[in-house]
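One structure is given below, encoded as structure tokens.
We call the chains A, B, C and D, going by the order they appear; numbering starts again at 1 in every chain.
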Amino acid sequence: MKCFVGIDLGSTTTKAVVLDEDGAVLGRGITNSRSNYDVACAVAKGEAFTNVRFSLCSRALPATTSLDSRKRADLIVDLERHFRLAQHRAQLQALRETVEEEIASIEKFYPHAPVKANVAQILDAMEAAAEPLFARGTARRSDFFRDIAASQYHREATKRACPEKLPFEALMAVFDKSILRSENRELALPFERGAGWAIEKSLEAAGLAGAPEADGLREVLRKAFAVEIEIAESVGTGYGRARLPFEKRQIRSEILCHGLGAHRMFAGTRTVLDIGGQDTKAIQVDENGIVTSFQMNDRCAAGCGRYLGYIADEMNLGLHELGPLAQQASRPVRITSTCTVFAGAEIRDRLTLGQKREDILAGLHRAVILRAMSLLARSGGISEEFTFTGGVAKNVTAVAVLRDLVQRNYGKRTLNISPDSIYTGALGAALFALRAGVKAREEEGAAA
Amino acid sequence: MDAPVVGESLESIVARAEDLTRDVRLDAVRAWKGEHPGKKAIGYLPVYVPREIIHAAGMLPVGIMGGGDQVEIVKGDAYFQSYLCHLPRSTIELGLDGSLDVLDGMIFPSTCDVIRNLSGMWQMLFPEKYVRYFDVPQDFDDRVGGEFYERELRSLIDDLAGLGGGEKVTDEALRRSIALFNENRAHVRAIYAARVKTPWLVPTSEVYLLLRAGNVLPVEEHNSLLGQYLEAARASARRPMDLARVALRGTFCEQPPIDLVRTLERAGCCIVDDDWVLAARWPKDDVAVDGDPVKSLVSAFLHRSPECPSVYLAEGKKGEALVASVKACGAEGVIFAAPSFCDPALLDQPMTQAAAKAAGIPTSAFLYSENTGQFQSIREQAGTFADSIKLS
Amino acid sequence: MTSTITAGIDIGSSAMKTVVVRHGDGAARPAILARQVERLRHRDVKALVDETYDHTLEKAGVRRDEVAYVATTGEGELVSFRTGHFYGMTAHGRGGGELVPEARAVLDIGALHARAMVVDERGRVLRYRMTSQCASGSGQFLESIGRYLGVAAEEIGPLSLEAEKPEKVSSICAVLAETDVINMVSRGIRVKDILKGIHLSMAGRFVKLLEASGAEGTVALTGGLAADIGLAAALREEAARSKASLRFVSRPEAIYAGALGAAIWAHHRLKKLAALGSEAPSP
Amino acid sequence: MATTTTTVEQARKDRSQDRQKAMLADYFHKLAIASETGGQTVHTFVPGNLTELIRSFDLLPVLPEINALQSGMRQKSGEYIQRAEKMGHSEDVCSYVKCDLGMLAGGNVGLTGEPLPRPDLLLLSYTGCFTFMKWFELLREETSAPTVMLHVPYQADGRITESMREYVVKQLREKVIPALEKLSGKKYDEDRLRENLSRSAAAEDDLVFVLESAKRVPSPIDAYFAAVYYVGPIFSAFRGTEDAVLYYQELREEIEDRIERGLGPMTPDGLLPEEKFRLVVEGPPNWTHFRDFWRMFHSEGAVIVASTYTKVGGVYDDGFRHDASRPLESLADYCMGCYTNRSLPARVEMIANYVRDYAADGFIVHSVKSCNSFSAGQLLMLREIERRTGKPGGFFESDLVDPRYFSPANVKNRIESYLQMIDQKRAGGTSR
């Protein structure tokens, strides 16, 4: 089948959205950005196509009558989590292999410490923790292997480390050195160990393995995974767009993409706020999603998404956990500096002053939103309707603070937030790709 | 001898001063207007503003020095790039959120490019208000700069009379006002003298609050507050402490947050000389009350203004004045605390610092802004500076 | 002969350092009995402080009650059992002077700040300069970049020494600088050249600090990055480039300078207190 | 074909450019040998410079601003600024000042590679910018040269009052002229001043013609990047000279010729093939990446049709001319009329008119960290002008000569987005 792809290569995450010929969203994929843009791009695309497969699966299922809708939904959920588990194991394996290659270069700095043995045990522990991580209904700290692995490894390393005998930094050094290289490896996940295995497991989980309709289901699912997908056109955007393997005509500024993407998600949108990893954008669009004015933060990235990332890292929390924790604040502190790199110092400083973690977090969130408010004001204020996009739009506290400040400064406004808000830029890019495709076809038509 | 009878307790006086310092929304001014129906209040920014004239016009001069660390900047940053100082953004914030509505006009003296341009922004944002950019001469010759300044003062007098609610300033009224502000400056000088002699009796942070209180108080009230304070402070049982005596420079416009001043004291620095709230402290001594009062103000400005980065130094070298006052107050070192992005203060610094160095006076420098909330590195620096003075 | 034992604990933003020192009376130089450094990186500092302190005392063969004065510097509040606190540069100046007696200047390169100090023969700070509030070119920055490039802290120095075409990082903001670095990698610039580039831009700032503070001659390097041979080399290059008469010396104990300085001032205070007839509050 | 026009074009164009080059080279050489030839120099600033008066005493004006921006273009400023910061100057302050002081400390070598003279007099004509005052206070400390202050009052209410004029004229009479007499040992000769002033007026007429030629569609010139060169002589030491008169005649002829042949502007990469965007620019350029910055526009077919920076050394398109019949008064009015000495409402008015009169698609505010006089309030100006003209404004930040504050990727990203926005707006319908 023909499809149109939009890729948003951001400074922290890379997103891909796939549209079918009617502009309907077929799939979305995301991965953490890395120094190798092509890999990041490929992984995001791969994730999106996997996602396409699952939606093809659920589209295909109804063909078999025997399952009611709930059962079908469960089956897809099981299918997906088993596939993720298979993926996770493959990534762990890749990490293990990388560690074996790298460990010598670290060990030589700690000749008397049993680094190798302990790292092996840590990896075993992570292996053991894999299955429960993907059990039904477990919330994961992050969707990215790097984050999951990092926190598991850190926990295990802290347990094992002891001064002199087994230095903590020796264990961490091994991880730091290996994780990125292992991330950039081609994942060896043949169908039989990946999708094929996931199909079997999900059938088992649904208690259908031996059932008469099992073969039918197998057939349907395997077909869905086998469908041929052809990319008719793709457009790239985002910070790294200049480095994407695309030609100039296939590249659009993220401002335009976010404007169009937000318009597609909420047709009434007139103002868009996007808080990305290292820049915050305030965009005004007209009734067609065409940008009429915009403002971006100046050359210092203070108060951008990355800021919250550093804070999560500093407090050893998952990005997802920040918002909820800050919600528990009783008396938020006022934070004036939003310099990302100093955030850590400020937190430690305030913790030693005896201030509560959640109160500090609330203050930090407020600081981020305040900077966004000034950009919004610069770009011409907030008009009805107002759409909030980017990773930070998932953060409950950020959203709550934003609601409050908008209400107090601009009065009643509809605040749109899509669960897929992080894909806004990629969606806009995909729409540009679709347009280009349509245009091309018209021209062909005209030529003929 | 018997201890003097103290009217109010020291604590309550200082507490009142702190409330007035934190009164960025000008409740005190609203109260004053309530008690004086039909009277007008005129705001002014640092530095050189002839408060006597506003007072003589029957109006309340109100010192506007930004929002300190209390005002949350929501709209203000929309008007200023990150590389500009903080005072104008909090001032705009206060203007936009209505806190300054109680003022009938604003005077922007020629202190720097930012405050100068702020006057134009005010014209655009608040067209219904009286906005005056008050140019002060950089030529200090009575016949040249003096004549220009006199024309400026007289046109200000006409403006105020034109505002309604104001009276056309008579020489008599102006002389009365000058006398009152002479008294005010005398009180301030007395407090600083006491600080030099017995620093532990009049802590820096208290004096700072007392001065700031004058921004929103009628001069008559401020005079009595200052009088009461010094009396109460002298009578207090505070014991001497081993602190490093330092002079502070760079705070002539954007004011340091009170917690910064306290941080310096905690870090072991006793500030015996400074350049904050300068609008309330020039000219350095009494303005003549005889003769033409406008001309007296002119010559007071031309010849008796304290040195500050926003006035041109016609002759002599930069920093001579600093060295002189350091010697006068027996400071052991100088701390240059300039607001971030303050061109006048920061461009002056190398010159004044060199002068101090040449005179063998140790110096230390750091940046702040009116809403600085993190004092860790400032504490480290001030502490090290105090240590090094004390360990010498 | 009587001797006094003091401890110094320096809690920085990325590591805590502990030293136990014996001071003989008279001219004898203080002797370091034991020392210990622990990276913080998300660990519970308060717990770590106790664990490490006891571990260090154990190495020194000293009981807690034998320590006359526990002096802190940096985030001293985290040490519940401290006797007294000294400010960062006071401590580093003294420690640097102790480690490199001929030095009249100390460059302390910590995780967030670099401080250039001019000291007298007693290691007392005369003048200093500190890096400004933006953290690009700080140790923290180098550490996270190292992590990003998959280079262990220990390897950064040696790698940087091998650089042929160093690529300078222009950005002032550390976050944007990080992105610059990512771009460099994607442009195929070699890791060693990137690291050297970062070392050079850091060194440039530090030499500027030293010159601005009026430092001359021998400079004692202290703090976490003092051991980074790549940075030391970059410092020499930059000093030569700006024709500054600076000679950099880094001792293996450099990372303990703050803790050491605190421990030595502690001894100084003890004598003062004794003279005043009062004694130090027992730890 | 295009290539041949380009080369022909080059040939034509080079005449006025060569003349300017020669004028500069000759002048800087004069300055270099001043000490031997007994020539005396007066350091002063571009806005409100009193070149006609200075030259009427046969004194040589030196303009540190010009030196600073040329150091920027020659990639020297970074080093100079670092040096100044070592000398204790803050990262926060004006980079022109630091560049100049750093250059002085490093032997004061100018663009021709020859050393610049130390000042015999610092003429602090303090127009539109407080930092000028600090600048010369610092230079005075460095060189202990005599200093004379000319305080130019600010046009806060958008007009020049009699009191302001009287004040400036009095300072000219009683302070500046005596100082120049003392230095040169010559008496003030008003007739010579008048001659200089009438030559200025002639050159000013031609300059205005050139700048206003950009009202044509397509525009024959770039009124910002290229115009920086056009205003060179009249902003620097040449106003009131015969050289300047000739230069501007020649330049005018060249532009008239371009108009006749319907040619667009010249760029460093040759003739601009197609005018896609017409823009007005507020704010000075960045000098360290001047060509890259220019390329970011012309490579997208964007032409600057009007700019405020080309008015910092004097506003002439509002009809003001130096006037021999009232010499000191017109010098006073000139000083007070310079762009940065005008109130923000007046600046908004001016730019809004440019957007209208030059049929611009939008306007750009290039906000430089160094210049508070320009930058403070620009964000309000941006909104006000958008409101008045209905045209989109773009806002980019960098600096004058501090290379650390120009991040090409960053600026390019914004310019691209801005132009794509205008483009999409014009193509309006195509989106659904």
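Note that a contact is a pair of C-beta atoms (placed from the backbone, for glycine too) under 8 Å apart; a residue touches a chain by one contact, two chains touch by 3 or more.
The model shown is predicted, which means the values in this text are computed figures rather than measured ones.
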If you average the CA coordinates per chain, which chain's centre is most distant from that of subunit C? D
Could you give the separation in Å between the centres of subunit C and subunit D, each centre being the mean of its C-alpha atoms? 48
Measuring from the mean C-alpha position of subunit A to the mean C-alpha position of subunit B, what distance in angstrom results? 52
Distance in whole angstrom between the CA centres of subunit A and subunit C is 38
Shared interface positions of subunit B, touching two or more other chains: 78, 81, 367
Multi-partner residues of subunit D (each touching 2 or more other chains): 87-88, 379, 397, 405, 407, 409-410
Where does subunit C touch two or more other chains at once, residue-wise? 132-133, 171-172, 176, 183
Examine which chains touch each other and state the graph shape they make (line, ring, star, complete, other). complete
Residues on subunit B engaged by subunit D in the complex (per definition of touch): 78-81, 83-84, 88, 110, 112-114, 116-121, 123-125, 132-133, 135, 137-139, 141, 143-145, 147-148, 151-152, 155, 309-310, 312-314, 317-318, 338, 340-344, 346-351, 353-354, 367
Within the complex, subunit A is touched by subunit B residues 69, 72-78, 81-82, 371-374, 376
Subunit C partner, complex, touching residues on subunit B are 267, 362-364, 366-367, 377, 379-381, 383-384, 387-388, 391-392
So, in the complex, the side of subunit A touching subunit D is made of residues 242, 252-256, 260, 288-296, 298-299, 378, 380, 435
Interface residues, subunit D side, partner subunit A - complex: 379, 382-383, 386, 392-393, 395, 397-398, 405, 407, 409-410, 413-414, 416-417, 420-421, 424-425, 428, 430-432
